[in-house]
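Read from first to last, the chains carry the letters A, B, C and D; within each, the first residue is number 1.
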Amino acid sequence: MSDVKDQVRKYKIDKDFEPDFFKDIERKSNIWACIQCGTCTASCESGRWTALKTRSIIRKVVLGDLSALKDPDIWLCTTCYQCYERCPRDVRPTDVIIELRNYATNLGNISPNHRTVVSYLKNTGHAVPINDEIKKHRIELGLEELPPTLYKYREEKNNELQKIEKELFNLPLVKEKNKKEKEEN
Amino acid sequence: MIKEKDYENIVVFMCNECGQGSANTAGVARMNYDPAVKIIPVQCTGQVGPIQIMDALNNGADAVACIGCCLGACHFFNGNILSMHRIKLMKKLFKELGYSDQNINQYTSRAAEGETAVGDFVDIVERLSKAIKEGGKFEVEC
Amino acid sequence: MVKEKTFSFFLGCIMPNRYPQIEKSTKFVMERLGYVLLDMERASCCPAPGVFRSFNKIDWMVTAARNICIAERLDADILTVCNGCFGTLQEVNKHLKENEEHRELVNKKLKLLGDYEFKGTINIRHIAEVLGFEIGPLGIEDLIVRKVHARAAVHYGCHFLKPTRIREIESSENPTIIEDFITALGVESVRFKDQLTCCGAGGGVKSYDGTTSMTIFAEKMKNISEVNPDFILDICPFCHLQFETGQDYLNKKCNFNYDLPVIHLSQLTAYCMGMDQELVGLQYQLMGRNYEFEKEILKNETEVS
Amino acid sequence: MAAKDEKIKETEKIEDIFSSKQEEEPRIGVYICHCGHNIAGTVDVEKVTEFASALPNVVEAKHNMFMCSKPGVQLLKEAIKEKGVNRTVVASCSKNQHGKTFARTIEEMGLNKHKHQQVNIREFDSWVHQKEKDKATKKAMKLVEAGVNRARKLENIETKKISTTKAALVIGAGIAGLRAANDIAELGIPVYLVEKESAIGGHMTRLNKTFPTNECPQCSISPLTNGVANHPLITLFTNAQIKSVGGSMGNYEVEIEIKPRYVKDNCTSCGECANSCPVEVPSEWDMGMSIRNAIYKLYPQAIPATYVRDKNSCIECNICVNICPVQAIDFSMKSETKTIKVGSIVVAVGYDEYNPVEIEPYHYGKQGYENVITQLQLERMMSPTSLTGSEVLRPSDGKIPKNIVMIQCVGSRNDQVGNKYCTGVCCKFAIKNAGIIKDNYPDSNVTICYIDIRTPGLNFEEYYKSSQEKGIRFIRGRPSEITRDPTTGELNVIVEDTLSQTSLMLEADLIVLSAAMVPPEGIGPLGSKLQILRSKEGFLKEFHIKMNPTLSSKGGIYLAGTIQGPKDISETVAHAGSAAASAAAPLVKGYIEKEMLIPTIDYDLCVNCGLCVSVCNPAAISRDNYERPILNEIACKSCGMCMPACPTGAIQLLNFRDDQLLDEIIAVSGGGVVCND
């Protein structure tokens, strides 16, 4: 028998919710009007194979349940827009998930793989950089060895690639733990 | 909050149906509100034009409001919406002229609930205090 | 007014850096159709609507607006061959044209990157839309030199049609634009189960969680292989990548034996318009390297050129 | 201060110009009521009286304990008699409570009742400022001053008696129209009943069973259809529609176009013609679930029983003409127009079932999706007279379906298709049909996918419970799509069971869409002929959603049944009965009394811009041949919305004229007489 003291509270109380957290979310009134019909979840291709439940995510936003931001499921949406197309209340769940990912990014919840993709963009101007094999293919096909994109002009003085690197997509470095988590720990 | 001496007269045009109805209900329930609020009964808020609103402001009213039926429940179909648009335009004009747009307002109320009218009155005063704070309240130069 | 019959050719990332054959085909097709393609120098990633938008919507818009500004200088509509690029650029272009507040914000940030200002003078076009609607099946009939007799599994991808209220191209539930077009090329489209679902790559899922991406893809491949097509036809290099690497993955890890060639609409059209099979570049791809088109020659190439 | 005085002088100057219109010098009597302690406990009535007596034109100012009592009213009478008071101001309770009492009193004394001005210092003052007595008194003074200012220029307003035409028109002979026509005729008023189909009965006759008792609708409605068809006071026009509507409240003139049936009334309904007709087309009445001929009867029990020829599908082979034993068939019949005069119009044109093709993921009507049908189609399939012999069969292959899935809220509660409302009856009829299927085919699996089950009211929750007990599976979730396997042709419904958070793929042999009720086709043109307003959903708009749900936006035109909004049969019958009573009232009485509180148009100022025409909701203002606005006094609803619309102030509502309102505004906004505390 485990000690009664060790039991963790499984129910939630009002304080667990922060209804004002999402008050600046775009199209807030539409999201608030969600009728939880489940069209989004049923439309979700990713959700058929994973724990992603679009409907629950929207519900969490309505309640102000911040666990949605830590939920790895929000990163499983393939942005196929099927739910967006079919929602009878025009909630646009895909946009909501993107907004949530923005919130999560600000809290530092970013996967290492995604950080790599961002570093590619910052270093080469492309999410998928070129390699030697493809350069060979390009020449064989009669194309220029390098496409006329930012990467080609990376050696230029005062080049824009450096500016992009400096100004855009500066992700928070370490995962900041919010107060509650610290307290719990 | 502003001091009471800062304003004296708030003119409220109330429609024959829900507008006056809610004020009557508020009276029957003995709900207190600011004595500066003075009601002018009209047929419908759609009847109140810029002439009436400017007349009131010109003659010393500190704030003017129109209170009609709920949207979709106007007894003359869309008088409240017409009034809403009219006041929106007037607000825009006031802003462009450099006055605060907070002392002319349109509200709706429900005849069965006096709270709705009283809530509107409270809001009028709040907005008026905002207008005074901003310093852009419309005033007659005399 | 933007220039007529001229496009700023937006390359994106995957096409020039993984599938240059699509770039080659597109240039071939558009030139044959009498269009001028202008290079967009110093363009960057679009950036991808799934990954980068998830991190910072405003920065995503700024980067996209920068690309649009390059095309605005060229004074020609943007042509993309990728659903992702189309999705990003079209959405940002439309959003910034309508939303003054964001336009100001984006223009402010654009100043930090160089001499850019979003004006909203151009539109974004997708190759499938240009071929399918502007040229159309009737328009292409006279220009092709050979037909391909094959059964294709058409994959529309997501961002080309959806969200319909922003794209305003066609119904997302019953689209026929590609089917109609390839019928003119002699190709028959075979319907398969859940045809319009995602390939599993988008939204940053491919980089975030490869297994999920492959699970979704495996179902897609199962449905496709059930109807036994000759090749898979897509209109997006990212879907292209997913179909290529995905089949490879399934063969290696899960003992499948898939070898379906993956062909972009540009490649197929270029071939029908007389480009050599060598330049279609199936030999550079992972799947169906030895696939030969079953062709019907209509006229000699010399007649056309 | 000086500036203010000047302003008053200025306004007085303007008043001078207007006062030339005045026939008599205003002599105003002001009476302040104590209302026991209700007013006097807060407001210093004596002070107010003193203040009022000093106001211009006031000849008498008094206060009384209860103005509404006999001695109070007597004060008014004496003042009018002895002091020549010709306008009265009573400051007491609200206009609704005793305003009428005083108005009646002065009317008894020979004054026009609109010469009384009621000032509310109880609800608007004493009751809401009980703790601030000084301020309340000051406010009372201002309100009384406003009342006096207003009273000064009050005009006489006459009350007109308009005689009405003793006949009514009912448009639509569904259950609502039949009920309304019957109820009006029972009051002894002649009724014209117009139906666009060839037979009366409407949607109800299409149904198989009605909830919650599962009784036969044909049996419930036939006494009514027979009764209406045989009623001596009801004239029935079938195959007819409204061509034009003229006139106004109490006296309408309506043109009705009657299309030819091509079969004369001596038809014995033997059916020989239909049996011999070589043409076969899908029956619209049966929602395509059966076949009819080019000459046909809408349904077996149709009233009138006369056959009708569908000119568009007829190949004019003349077989029927020759075979008819009574020579009733005549291809040369022409459409005719009848003009009728009526006092009231009841619109009861019903609804249409929503066409689900708009919801693309359900693929309704697409090739390969023949097994996706609507509830009304299911009703026709299950009805006793159906082609399948009331068996439920799959349209694709005629087999009995094993798995039946019903999808709720198709076209209801959907922002994307623009129908935000809940139809409110789909839950009930889906439960009904699911139950009937389960009873007839106990082996079948019936699933209902719903967002919320809405079965309020007596007997309906019980009905829901009994269907659950029968073993019908309820899944809370809106299906995202119906998928079809291209190789096997099988249909699947993809839905999330939101309660267990599981995504489901349901096998379905037959899918039934519970489609919404939408406004009927052609309601737009009919609405504009009648000049009545529509709600944004397209239904006709009622006068007031709570207090007058049967009157339309125009006096004399009433709404019955689902044309006002989705309803079930019992609600429709109740609504139609209420519409009939309202429509009959002015006809039974024989006249309408109308206070001529109407706008006047000064044609010298009018610039013929037409803005007043555009804001007038009851369409009382129209344009004459010279583009000038003209007022239909009877249709006017005295709302005054035309006043601010006018750019030149040419149109002015009597007793609410700009200058009359100005006087009142001056007093309450602090520009009038300064009262000392």
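Going forward, a residue touches a chain if its C-beta (ideal position, glycine included) is under 8 Å from a C-beta of that chain, and two chains touch if they have at least 3 such contacts.
Since the model is a prediction, treat every value here as computed from it, not as a measurement.
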Seminar exercise, completed: Note: of the two pairs A-D and C-D, more contacts are counted for A-D
For this session: Express in whole angstrom the distance between the two chain centres, defined as the mean CA positions of chain A and chain D.
Result: 50
For this session: Report the inter-chain centroid distance for chain C and chain D in whole angstrom, where each centroid is the mean of the CA atoms.
Result: 53
Problem set entry | Distance from chain C to chain A - Cα centre to Cα centre, in angstrom | 24
Problem set entry | Sites on chain C at which at least two other chains make contact | 172-173, 194
Exercise. Of all residues in chain D, which are in touch with two or more distinct other chains?
Worked result: 361, 481
For this session: Please set out, as single numbers or ranges, the residues of chain B touching at least two other chains.
Result: none
For this session: All pairs of touching chains, please: list them by chain label.
Result: A-C, A-D, B-D, C-D
Seminar exercise, completed: In their shared complex, chain B is touched by residues of chain D numbered 3-4, 7, 94-96, 120, 122-125, 127-132, 135-136, 138-139, 142-143, 146, 533, 541, 543-546, 553, 615, 617, 637-641, 643-645, 649, 653, 656, 658, 661-662, 664-666, 668-672
For this session: State the interface residues of chain A toward chain D in the complex, per the touch definition above.
Result: 35-44, 47-48, 53, 55-56, 82-83, 86-90
Exercise. Where on chain C does chain D make contact in their complex?
Worked result: 171-174, 190-194, 226-227
For this session: Spell out the part of chain D that touches chain C in their complex, as residue ranges.
Result: 360-361, 363, 366, 481, 483, 485-487
Problem set entry | Footprint of chain C on chain A - complex, ascending | 45-46, 48-50, 75-82, 84-85, 92, 94, 98-99, 101-102, 105, 110-111, 113-114, 116-118, 121, 125-131, 134, 137-138, 141-143, 147-150, 153, 160-161, 163-164, 167-169, 171
